[in-house]
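In the two assemblies presented below, chain A is common to both, partnered first by chain B and then by chain C.
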Partner chain A sequence: MENGLIFIDIEKQMLTANGPMKLVVQTTIQLGELVAVFGESGVGKTTLLRILAGLSAPDKGMVSFGNTVWFDSEKQINIAPQQRNISFMFQDFAIFPNMTVEQNIQFAQPEKNHSFVAELLEVFGLTEFRKYRPNGLSGGQKQRVALARALARKPKLLLLDEPLSALDSEMRNALQNEIAKANQRLGLTTIIVSHDLNEVFRLASVVICIENGLVTRSGKPEDVFSDNSISGKVQITGQIARIQKQDTVYVVTVISGNNQIIKVIAFENDLENLGVGDRVMVFSKAFNPILSRLR
Partner chain B sequence: MDPQFTQTLWITLKLAVSTTAILILIGLPFAYWLADTKLKIKPLIEALVSMPMVLPPSVIGYYMLVIYSPRNWFGSWLGKVFDVRLAFSFEGVLIASVIFSLPFMVQPLHNGLRALPNSLREASYTLGKSKVTTFFRVLLPNIKPSVITAVALTFAHSIGEFGVVLMVGGNMPGETRVASIAIYDEVQSLNFEAANRYAVILFLTSLVLLTTIYSVNKKYDTWKMV
Partner chain C sequence: MNRLQGKISCIQQSGAILLVDINVDEHVFSAMLIESATRQEWLMEGNTVELVFKETEVALAKNLSGLISMRNRMKCTVRHIERGELLSKVSLQFLKYVITSAITTRSVDSLELKIFDEVEALVKANEVSLMKKQ
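Then we have the complex of A and B:
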């Protein structure tokens, strides 16, 4: 019987900009889930994705997809990327320069399906550029081509390495919806590498946090990123953009995931561990009465 | 026209075309393998391929003659089994020429393949495409300038070959006498007019080929910047 899980238990020695580091990941992923791998640059997120794709081999361990073993160091099994039925979207997009936008998408299909290509071109706003070669496209357009191409073969496992980093917020929102829709409609399992907290919250049902090669936390994004003691009615995640002193208090400007500007009053001791650029959650626990002098 | 003159040019052309054709067949898979391999002895293999660029042609010619000689096992085996004698024959010159021009084919192709981002190959693999499909549909079309450079350099180099042909093939009209040797021969017999005719043809052919390489590369550079 199909067990419906991706099983990962691997170790790999890596050389990073900060010296040698060991990537150790033990986790399972439900098939059909949209999973985010979250962490700073150079902690092994991309390497984990490459191991799942079969582009890099772990030093030891095991990877299986459902009942199919993809990698097993003991039995010396390492299934080639071609046999894994995946798509991998690279950070540098890896669009083939010799092919037009349309040909790039067609190339990904095992059997030609013109209507699906047309649909992808439409959904990703590429119809008018379909005869263009990649060299004439902007970074954002290339990213959309790469995403459309990754979906074109209807893979079982979609691996996205920071897929939306080159897009403006409007296009990013739109494509986040498309990724979520494709995940549902095509019955894919999607693993998305991201260091954008908003993206993680919007898209992922499960997040795996990696720090220095180790999985530190995993679970639902709201459980992983917020303090469990918080039982607020309103929770908004965002990033601190500015801290201004006003009289005895501070006004903290937080930019939320959908680019809303929220101003929060804070006292000096609230800000002890906070600075500009920190990711925060803005929440309201209870109705907070404010005193005002009557005339 | 002087029949010996046309015959010599024909042999020169035949040698250059055959060398280039054989080297395309050998060079493409070899360069792909070389760009892909993680073998520890890769530097040694690269050095061996490049040897003809630094060795005097007479050294290559000498070793080829030794190998072809019926007194050694390869030469005698060829003679016994196939009744073939390679020394001082067109086929012998052709084999030597293929070895001598190998770096001119392999190096541009290898450099072209190495300059492509790895992710192109990997993207094709993850889309389920085999190594062969990836090579012909993704990699080769993106190193067109390198292919043109490799073919033109190999052809030009084969046309201009002198030392190896002289060592391995000698100067046999109708068999191994090529234009570069004919020039030397005509000058030796003070026949400057004939030498000049060969020289002009070699000069112009090489000029046209090299101009082609440079104009193709220039066009590709501007295309890349768009």
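Then we have the complex of A and C:
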């Protein structure tokens, strides 16, 4: 019987900007899920993606996709990337400048499938641009072409390494919706590397948090990022943008996951271990907030 | 944040609303909470928890008489006053704890607050959060 899991149990020594670090990941991913791998830069997120793609081999361990073993250090199995039925897209993707949008997408297909190319053009809103060459497209449209091309070979697994980080927030939101749509419509498993909380919440059904090479938490984003150890019901995660002393208190500006600016009054003891750039949970009791209809 | 440690002595519930009594060195505090979808495992009678309330939620009274609706009353001694233009911070000793109240400087003046004054610090039950003991 086919088992519906990606099984990952690997170790790999890495050399990072902060010196050597060991990536240790033991986790399973349900097929069909859209999973985010979340963490700061240099913690091993991209290395994990490269291991899944077969572009990098773990020092030891095992990776399997359903019943197919992709990597097993003991049995010396290491399936080549082109035999894993995956597609990946990195931040610095490239599309062929001398081909049209349609040709770029077709190029990725081992066997031509025109109706599927038409479907992809439609999913990504590219139908009317299919005869354009890339230099006539906007940044967001190029990104869509790259995504459509990554899907053209009908991969079972789509690996995305911060694919949207260069886009403005509106374009990013639109593409996030399209990625979610594609994941559902094509029955894919998608793993997206992200350090953007908003993206994780919008897209992922499961998030795997990596810190210093280790999986620290995983689960549904709302469970992973909400703090169950406090009774406050209004919980917003964000990043400290500014701390200003005003009068006898501090006004702390926090940018939330969906880019709302929140100001919180804080006192010295609240700020003992906190500084600009730190991620925080802003919580309040359910009794305090006031609702007002949006105009 | 002000933090006190106490033991949950009673949990009264009506629908999703909970009124939790917490015993802090024989003083009973109350916290009104909304229940989560699943009751946290630490929110049980007999468990030690931390009571948390913000400095700006602590009202101060001097020579208070009559009845008042505020459930949490702490007899305190003023230990320090940091005057700001609009907002002042008053450090108070309550039992073995130090708590802080942030009130308007106008109130500091109208109460004629000074060091060693005996005051009552007051916090509404719905301003108290509970935290799992660290």
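What to note about this one:
In this text, the second predicted complex is superposed on the first by the 197 of 295 C-alpha atoms of A that agree within 3 Å, B and C clash if a C-alpha of one lies under 4 Å from a C-alpha of the other, contacts with A are read in each partner's own complex, and residues count from 1 in each chain.
Everything that follows uses one rule, which is that contacts are C-beta pairs under 8 Å (C-beta built on N, C-alpha and C of every residue); 3 or more make two chains touch, one makes a residue touch a chain.
Just so it is clear, the model here is predicted, and its values are computed rather than measured.
Look at A:V249: by the touch rule set out above, it reaches chain C but stays clear of chain B.
Between chain B and chain C, the partner in contact with more residues of chain A is B. Look at A:I86: by the touch rule set out above, it reaches chain B but stays clear of chain C. Of the two partner chains, chain B is the only one touched by A:R153; chain C is not. Of the two partner chains, chain C is the only one that A:N269 touches; chain B does not reach it. Of the two partner chains placed by the overlay, only chain B lies in contact with A:A94; chain C stays clear of it. In the overlay built on the shared chain, the residue A:N198 is in contact with neither chain B nor chain C. In the superposition on chain A, A:A53 contacts chain B only, with no contact to chain C.
Shared contact residues of chain A, touching chain B in one structure and chain C in the other, are absent.
Within the complex formed with chain C, the residues of chain A that make contact are 228-233, 247-249, 265, 267, 269-270, 283, 285-288.
If you check the complex, the residues on chain C that touch chain A are 1, 31-34, 36, 40, 42-43, 52, 54-56, 82-89, 100, 102, 126-127, 129-132. Those residues of chain A that touch chain B in the shared complex are 53-55, 80-82, 84-88, 90, 92-94, 96-98, 107-108, 110, 135-136, 149, 153, 159. Contact residues of chain B toward chain A in the complex are 117, 119-120, 122-130, 137-138, 141-142, 223-224, 226.
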